[in-house]
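Chain nomenclature is as follows: A, B, C, D, E and F, assigned in order of appearance, with residue numbering initiated at 1 for each chain independently.
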Amino acid sequence: MKYVIQVNEGPYNHEASTSALNFVRAALDAGHEVFRVFFYHDGVNNSTRYTTPPQDDLHIVNTWSDLASKNDLDLVVCVAAAQRRGIVDEGEQERNGKDGNNIAPGFRISGLGQLVEGCIQADRLVVFGD
Amino acid sequence: MSDIKNFLYLNRRAPYGTVYAWESLEVVLIGAAFEQDVSLAFVDDGVYQIMKGQDTSELGIKNFSPTYSALGDYDVQKIYVEKESLDARGLTVDDLLDLKYEDEDDDWAEKDSIKVVSADELAKIIDDSDVVLSF
Amino acid sequence: MPILHTVNKSPYERNSLDSAISHALKGSSVIMFEDGVYGAMKGTAHADKVSGAMKDVSFYVLGPDLKARGIDESKLIDGVKVVDYSGFVQLTVDNDKVSAWT
Amino acid sequence: MPILHTVNKSPYERNSLDSAISHALKGSSVIMFEDGVYGAMKGTAHADKVSGAMKDVSFYVLGPDLKARGIDESKLIDGVKVVDYSGFVQLTVDNDKVSAWT
Amino acid sequence: MSDIKNFLYLNRRAPYGTVYAWESLEVVLIGAAFEQDVSLAFVDDGVYQIMKGQDTSELGIKNFSPTYSALGDYDVQKIYVEKESLDARGLTVDDLLDLKYEDEDDDWAEKDSIKVVSADELAKIIDDSDVVLSF
Amino acid sequence: MKYVIQVNEGPYNHEASTSALNFVRAALDAGHEVFRVFFYHDGVNNSTRYTTPPQDDLHIVNTWSDLASKNDLDLVVCVAAAQRRGIVDEGEQERNGKDGNNIAPGFRISGLGQLVEGCIQADRLVVFGD
């Protein structure tokens, strides 16, 4: 089965991103394909490498990055949502004249079309949000 | 599975209090380029999204409600509004934007996009879709 | 010590307005703003709760949030008073404290 | 075409569970997770809605979210089935699509 | 106004689904250093915060419920739980953590911190406070 | 009247930060003092200079910065909440070994004690949140 996963909330404030992580892990464990994880709304805040959560809590951003690198996951951050909320990669940094960027390894910023295309390609869309 | 999927955008939130209404609409606009079969449903507080007369000038934020009137140009012709949700909120279809599309199979006649449906009918619309995007 | 209770959620989606009313003593005030303004509309499933509480509690609604949502003042429950942001500020002056019900 | 409806909000705070049940056709399933798991507890103001819908709809609850919140399985409404994350994934396989009620 | 204010922390959200419960507790812990008169109230879904037996290991996130048991050491002695909220959720005080404090005016006798109150009593507790922090 | 304002949600996703802006402006216009604005929970996301919202929408972060500079406002971002969500100033950058920072002008990162102290000092606390 081929999945596209949508994550609508940022880390810590809502359980959504933890739920999505656990779901993605379980889907991979069961031998399914996760075609794409699409971060939308405040979900784009999962992708900043600037977080430093307490050591006794889950490091959500790093967990996404590790999961992506081990499973070749496509973690896509919506560009329009990212611009409203301050998530920047090198391309966005240049385009919008920012003095730095904060995207974490394994994430890429792209358009909403990636969500729609994901829904067309995949067998299932599963949404984690508020 | 056919090449064209039935996309249902399920809108359940009021506008402005949260961004979901507006960012849902952004997906609909972008999604139009993919030429899928698109329906929008407004249920629960989602019916408030298409109330007419919205004016955000005193809040200083963007009024995105005119965009709903452009949906016909994006080939979005099926807009379902749940009757039970309207009734509970004291609203009728007269309180809503007058959304139209031009029917290319009927000499481009202008037709109403909004169809008021019951909860049971909406359940079947959800059932008939291939992908449900919830906002 | 009068209190201003603030409600910023729709009464259909959340329990904020119900909770605020259940904990509002005689002489206190409730202001509905953001998505809370839907609680001020008459002819709805929730309007009776507001009307019923009105003999003890004063109800206000934020005009700029009403306008944003296309709600005409003629649609408001009788007795709900419309204020702008300066009126909202004045309510926080006239009451001794503010309690937020989100 | 059976559907899996996901509910992740408490039935006391939001209308998500009510809405999911109102739109669940015979043969569909509902999974309660995150704060949605409170909807699976018996002896509560909302339990009758779940029990009443059970002849047409199958109800599931996510075990890890139950444990996090200290809810013992003995407190669940009769007929609600506990699944772990791999069971959640399997439900999305067994149904043709997923509809999220947040 | 006296130098010491009555701080009321009003907790209305379930734990884990959102961060409000935990980040409210963080304010209480830091606030203790300011030696104000502190009360906590658990109402609506907030009563779920202090259910006993919480175990987040399968979710992989932090279980912060043991911190409530430490509140007595931070001089938090007044913890109000609304009866109506418990009843609607099928809960009794036996489902809750056994929170205690040592009473320095009574030879450090261990006493219960939790007091179950009605909605009317809670309304008066809100009324008697100087600052209401809502989470 | 002396106010402390608490902002619990990030820009755009919720109306809370816009409401807080409008309230603060009205309070200042009426001659009141805004002793402090405290950003907590996802509210810390109001303070990143990396946002680029659409030109036809309100630029919430810049509006806070301008308001602070014109009225000498104390905009305080909770350090614990900021660490979980990736808001970094120069001090946090150094302390947590980050390769950059994203805090906007006029904001400062500090502890939760600033909220409690604000409540003690001020006549009124007004909370804007979800």
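Basically, a residue touches a chain if its C-beta (ideal position, glycine included) is under 8 Å from a C-beta of that chain, and two chains touch if they have at least 3 such contacts.
These numbers were taken from a predicted model, which means no experiment stands behind them.
Enquirer: Using direct touches as single steps, what is the fewest number of steps from subunit D over to subunit F?
Expert: Between subunit D and subunit F, the shortest chain-hopping route counts 2.
Enquirer: Please give the intersection of the contact partners of subunit A with those of subunit E.
Expert: Touches both subunit A and subunit E: D, F.
Enquirer: Spelling it out: a chain qualifies if it touches subunit B and also touches subunit F; which chains qualify?
Expert: Both-contact set = A, C.
Enquirer: Specify the chain most distant from subunit D by Cα centroid.
Expert: In terms of C-alpha centroids, the chain at the greatest distance from subunit D is F.
Enquirer: Which chain has its C-alpha centre farthest away from the C-alpha centre of subunit A?
Expert: Of all chains, C has its centre farthest from that of subunit A.
Enquirer: Using the touch rule from the top, point out the two chains with the most contacting C-beta pairs.
Expert: Most contacting pair of chains: A-F.
Enquirer: List the centre-to-centre spacing of subunit C and subunit D in whole Å, with centres computed as mean CA coordinates.
Expert: Those two chain centres are 33 Å apart.
Enquirer: What whole-number Å value describes the gap between the mean CA coordinates of subunit B and subunit E?
Expert: Distance between chain centres, rounded to whole Å: 43 Å.
Enquirer: Express in whole angstrom the distance between the two chain centres, defined as the mean CA positions of subunit E and subunit F.
Expert: Computed value for the inter-centroid distance: 27 Å.
Enquirer: Subunit B: which residues touch two or more other chains?
Expert: Within subunit B, the residues that touch at least two other chains are 16-19, 44, 59, 61, 131-132, 134.
Enquirer: Name the residues of subunit D that each touch 2 or more other chains.
Expert: In subunit D, 8, 12-13, 15, 34-35, 64, 84, 97-98, 100, 102 touch at least two other chains.
Enquirer: Quick check: what residues of subunit F touch more than one other chain, meaning two or more?
Expert: Residues 12-13, 15, 22, 41, 54, 57, 80, 84, 125, 127, 129 of subunit F touch two or more partner chains.
Enquirer: So which chains end up touching which?
Expert: Pairwise, the chains that meet the contact rule are A-B, A-D, A-E, A-F, B-C, B-D, B-F, C-D, C-E, C-F, D-E, E-F.
Enquirer: In their shared complex, at which residues does subunit D touch subunit A?
Expert: So the residues of subunit D in touch with subunit A come to 6, 8, 33-35, 64, 84-86, 88-90, 92-93, 97-98, 100, 102.
Enquirer: Quick one: which bits of subunit B touch subunit F in the complex? Just the residue numbers, please.
Expert: These residues of subunit B touch subunit F: 16-19, 59-62.
Enquirer: Tell me, which parts of subunit D touch subunit B in their complex?
Expert: Against subunit B, the touching part of subunit D is residues 1, 3, 15, 19, 22-25, 97-102.
Enquirer: What does subunit F use to touch subunit C in their complex?
Expert: It comes out as residues 1, 3, 8, 15-16, 19, 22-23, 25-27, 29-30, 32, 124-130.
Enquirer: For the complex, give me every residue of subunit A touching subunit F.
Expert: My answer: residues 10-13, 41-42, 45, 48-54, 61, 80, 83-88, 92, 96, 98, 100-102.
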